[in-house]
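Paired with subunit B in one complex and with subunit C in the other, subunit A is shared by the two complexes that follow.
For the complex of A and B:
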């Protein structure tokens, strides 16, 4: 036994020594090539038709939109070189970059932009469609390099709705007059971006290669990007440790692996690059189901849940406790709202006073791995401590989507992107016009308050930032009192990468358009 | 003549079985919650009724269920396995793309486990009760009982991370652009860990079965007779015991061979091996009906085929067995 222990120790020590030297021996030393993990494998890279998280991450380097955003969400030039907003805030004129070509060599012009925004995305894109139909009066070409968008009424969020996932510019010469979803070119995306799709070995990797004719001189600096499809989270961590991959995008390893990986040599970690998405994790409440429609009961639930424990123990301390529906990283956040400490005694009292009779409350967990399973278990325990008869329901992605989207739940875990502006990313979860079956990211709980509807509608089109802030502050105060959902955490998704990869995260959408400026030391 | 009639009738039965399986699979999958359009929308973080309707129309899900079944069966009758709208590719292409990787992995594991298992099992039986027997049976028991994914992860940590001998995941070195022999070597390096991991489980299974079966046969009357005749023990073991003892192993090997094409979901997932097992598992999570049905169909066709082959191998291994229809 003693001998066996010694032998084991020897293996580990020598192993550790060779392990570190090996990081370098196995690292691909082909100069400016970067290896990145992508998980899950995207269904498609045609970003106009599909906006899965990993589709955006890869295809955001193939397609471009009119604007990029810095980490303060200020618009930066992309395909639009400059822009002008009329004094009545209803006419937006965008000057386009010169000398832009599509990956197939065809020239890019205002026609492509008008086609994308007015026809293609209006038909297929669930986020662009409401903006195009409700806010925009017309989109027109002024000349080959100028377009003009005329609004029905002022709509400030427009300037935040033009990132690659929300409004990618697609080639008119390929899509005009075709059945967009059936177009065979969807398999070979043609964009204007800094990288082109070279090869996609399904189940193994996606290979992007430098666009030699990119409109921005001297960019991109990297020549190849390989996106590795590795389905197992622990194996992804080992792949980073052995040097097979250089970048672990946010969410690609389990949160409990983050501290260990962060301490590895030549390893940098950043939580930046998520300012646009600013996801908030919450528990949706089905207001139709008996006691769940009772405000006092919901306030009891909010006091019952130990949100600090959720962040520090379950989510590895990555994130910030939210105070309400608008993330603190985005515009129009207000701190002046009702707050709910973790207070089991008060929770028990409120729940009892609400007239709760011990009927079972089902908690639907989010099927995205161990972290979310643990979280659901912890919340179940919190609720039990406050006298709630809670049960866990486990399912897979399809089951979760169906149950949440079809309102077949009591409490359902979710996390939702804020998308830069409350009019785009926040209102959708609380306004009664978005109580629509089928969409798990709509107002699934059925919460309905005419005043909230009115405030959100007015705030979206209010002419000045000050006026918008005033209305959004009011809406945050009402929502934190009524608790349509139980906010848990403003999630951080740390990107882990080798420190010699420079300039990787420079925008508010991070890796999704980050490789244009990245380079390797 | 006898054999032709046998094979013919088995073939007809096989087709009927496959038809039944195809219909059953169709309804089984539909019984699961959600549909491919909902999964796509759910993963995209945004959906509205228009998008869902567009996707369902594209996927052919807006048609009545029985019509969908009819289209599916009609396609299969002409060996058209359908189209994956999620992946924008014909199902047959998707399966054929993954087939080489799967066959290499499951084939290697099959050979490793069959050879090692039979040898170790025979060795253990000959030395029954001695320390080498105990060693083999203990190791076999350990690998039989240990969850595959744990062995897979531990082997990555030890051999890829700590020792640095082998790559931990993948089919080949991505971006290296090897060709010819260096590519074969590269794939072989990547194959080592998954094939051995997967093989160990079956090795344990075969070894245990071979040992038990050998010990049973060793007590039979004809072995006593052979010994009484004065035959040397090595010949008795080889000709009389092993040949009779191998039949259950052949049965099991037939079952395993039938699953060669189905891939190995766990091993392929942990080692990021781009095989059919993962294709199927992803399709299941995504409710990619056509891919799932395609993989199910091909796998069940293989099981039917290998059952037939097993029956023929029986006859070769033991001429006393009459192949009867």
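For the complex of A and C:
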């Protein structure tokens, strides 16, 4: 009893001590350097032209957009200081920050914003283009620090489409009148963000330094960031263990290394910072290929796959079982849908009843490392147990991109970002207008249902949140019944970092714009 | 009789042969011992070896039985080893025989062609071939065959060159036998001994090559092989050594056994050399 009391007292005292030290540590120390892993090496840092995951991760700290988003996806000021939405929800007026300059010293103004949104991104950006062409009537400058966007019809998702990867603001004085894609300045990006590109040694590292003239006076607090290119997953884990790097972004080490690394001293792990992406892993189905077009057969497949095993054994318990096309973390999710538990007996029955005659079904695995290989093997075995003659196909990233993008598959593993609003990140995988060859993230399976097309189109522009919810609930109910794809897991991507790196993940896109506020203790 | 006696005198060769026979027996009766697919998730993941009677060698990261994987993998490894060696012999022997017997211009052209293949690092070429053809049983066999025939061609050519000028071959020419008949009935039968020795060693290197390819993820994804098991387990080496260890031992023992047997065969089939050793 005595001992117990002593222990309790010790805990309280320690707690109090740490509490105090935290208070004292609140004044951030400037001038520090942070080392981060970046994998794979980005093909380019010009964010307007390239939206690869790692391009966004590095360039999101060089370029800025009008808005940032907190973890609940609420818009926060960035280059836009404040905004006003007219009562008919068709006119958006953005007031811009004062005293912003580009990294080359030239002043930033409303002209840059209008040029970026109306000309540059409309021409080159695959996600901004449909918004600009279908929803926006005009984008105009009101005065030097005010712009106005007028919509053709109310389009709520606009406020979620203004993050750095979706709508980065690029310098007009560099790009106007040039061939955007061939501009030599693409190699030396000029943004307004808290960090500037100092040096990029290909295959080794990307070195960013503090933007001394950043418009937020005492930001950034860090003075340098090194993004290290380390091609092997095990070597990345070792680089963290040996202290070479401070931050392992989500997805940069294999999931089974996460428990081991997170037990290291001075190590913190967070799964936050992916609210905007909210990736869902699924198996795309090629509806053109015989039996795969049969709904009963697909329902059989869904019952055959042990999704809980996938989450707990293969993906280290990092995530949540999805119920349908919209991730539970994002808006307009509905739980009121048909659910498919793991039930091999029922699966066998459904598959038999669908008229399946044992024709081989090819499973294309995702070539992103051991975790995905194991997943494909487990699913193959699940399907085999339900009487499906499944075969695995292995390939590399280029082969996967080509075969999935060109509809040359039966079943293909994939994971796709939700991007905050179903109109931006979800509809693209299910509407028939997006059955286009060449992109593995479109509607590759060729699923087509006019009612789904109509519901998605209406929901995107419905005037109120309630109306949108109603339409999206309906669409989720149809899709979970028809199963255009087989949803496996809402993936969590844990960011592993040294606990003395503070304020690292504060937004819905995490590291992609997080270094502005980060500092080192 | 003489041959057997000479073979038995080499103790290493006998041990090798015994191990090899054991592996072969496992490969043949394995599926009756473990009727379930080795890919099946049958138990708790990461069961350590020797802790559960049901899984004597433990389970891997998905709960698949490692013992079942080993036995089924023996089949795949031996099959690939033997078939790809046959493919290599089918390319190498005729090429070497023609080059050696015809001589002159033919010899030059065929040997330059062979050297061309010898200058490319064989493992790199195998990787490229498998990657281009997509990993499958057929593409792996073809790739291993294509990278391992040049030494066979050179060996056969050398043998044929020396046999070509023997009296019995000259005699066959004089009595008017056709060239193909001379090659098949007079020359090649006399090269069989070195080919058998080389072939047994080639099976060993083919098994190693297949394991290396599978280790790198270029194996047939639908076949359980030892190389695949080592490759899949390597990322978990720190916390679950047994996943890679047992298949690694299996590869080691089989390749060692093949090499010992090959050496024994060499001694037994090459009486002159064996006599020299006495």
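To be clear about the criterion, the second predicted complex is superposed on the first by the 490 of 521 C-alpha atoms of A that agree within 3 Å, B and C clash if a C-alpha of one lies under 4 Å from a C-alpha of the other, contacts with A are read in each partner's own complex, and residues count from 1 in each chain.
FYI, contacts are C-beta pairs under 8 Å (C-beta built on N, C-alpha and C of every residue); 3 or more make two chains touch, one makes a residue touch a chain.
Everything quoted here is computed from the prediction, not taken from an experiment.
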item: Which of subunit B and subunit C A:234 touches, first, second, both or neither; value: both
item: Which partner, subunit B or subunit C, touches more subunit A residues; value: B
item: Which superposed partner A:378 touches (first subunit B, second subunit C, both, neither); value: second
item: Which superposed partner A:516 touches (first subunit B, second subunit C, both, neither); value: neither
item: Partner chain in contact with A:392 - subunit B first, subunit C second, else both or neither; value: second
item: Partner chain(s) touched by A:187 [first = subunit B, second = subunit C, both, neither]; value: first
item: Which of subunit B and subunit C A:329 touches, first, second, both or neither; value: neither
item: Partner chain in contact with A:287 - subunit B first, subunit C second, else both or neither; value: neither
item: Set of subunit A residues, in rising order, touched by both subunit B and subunit C; value: 234, 395-396, 399
item: In the complex with subunit A, residue positions of subunit C that touch it; value: 37, 39-41, 45, 61-63, 131, 134-135, 217-218, 221-222, 232, 235-236, 238-239
item: Of subunit A, residues touching subunit B in the complex; value: 11-12, 15-16, 18-19, 21-22, 25-26, 28, 30, 33, 35, 40-41, 43-44, 50-53, 55, 124, 126-127, 129-130, 181-182, 186-187, 201-205, 207, 224, 226, 228-232, 234-235, 238-239, 241-242, 244, 395-405, 416-417, 436-442
item: In the complex with subunit A, residue positions of subunit B that touch it; value: 32-35, 38-52, 54-55, 58, 86-89, 94, 97-98, 101, 153, 156-158, 160-164, 167-171, 173-176, 269-272, 274-275, 278-279, 282, 285-287
item: Residue ranges of subunit A touching subunit C (in the complex, touch as defined); value: 233-234, 254, 256-257, 260, 309, 313-314, 365, 370, 373-374, 376-378, 380-381, 384-385, 391-396, 399
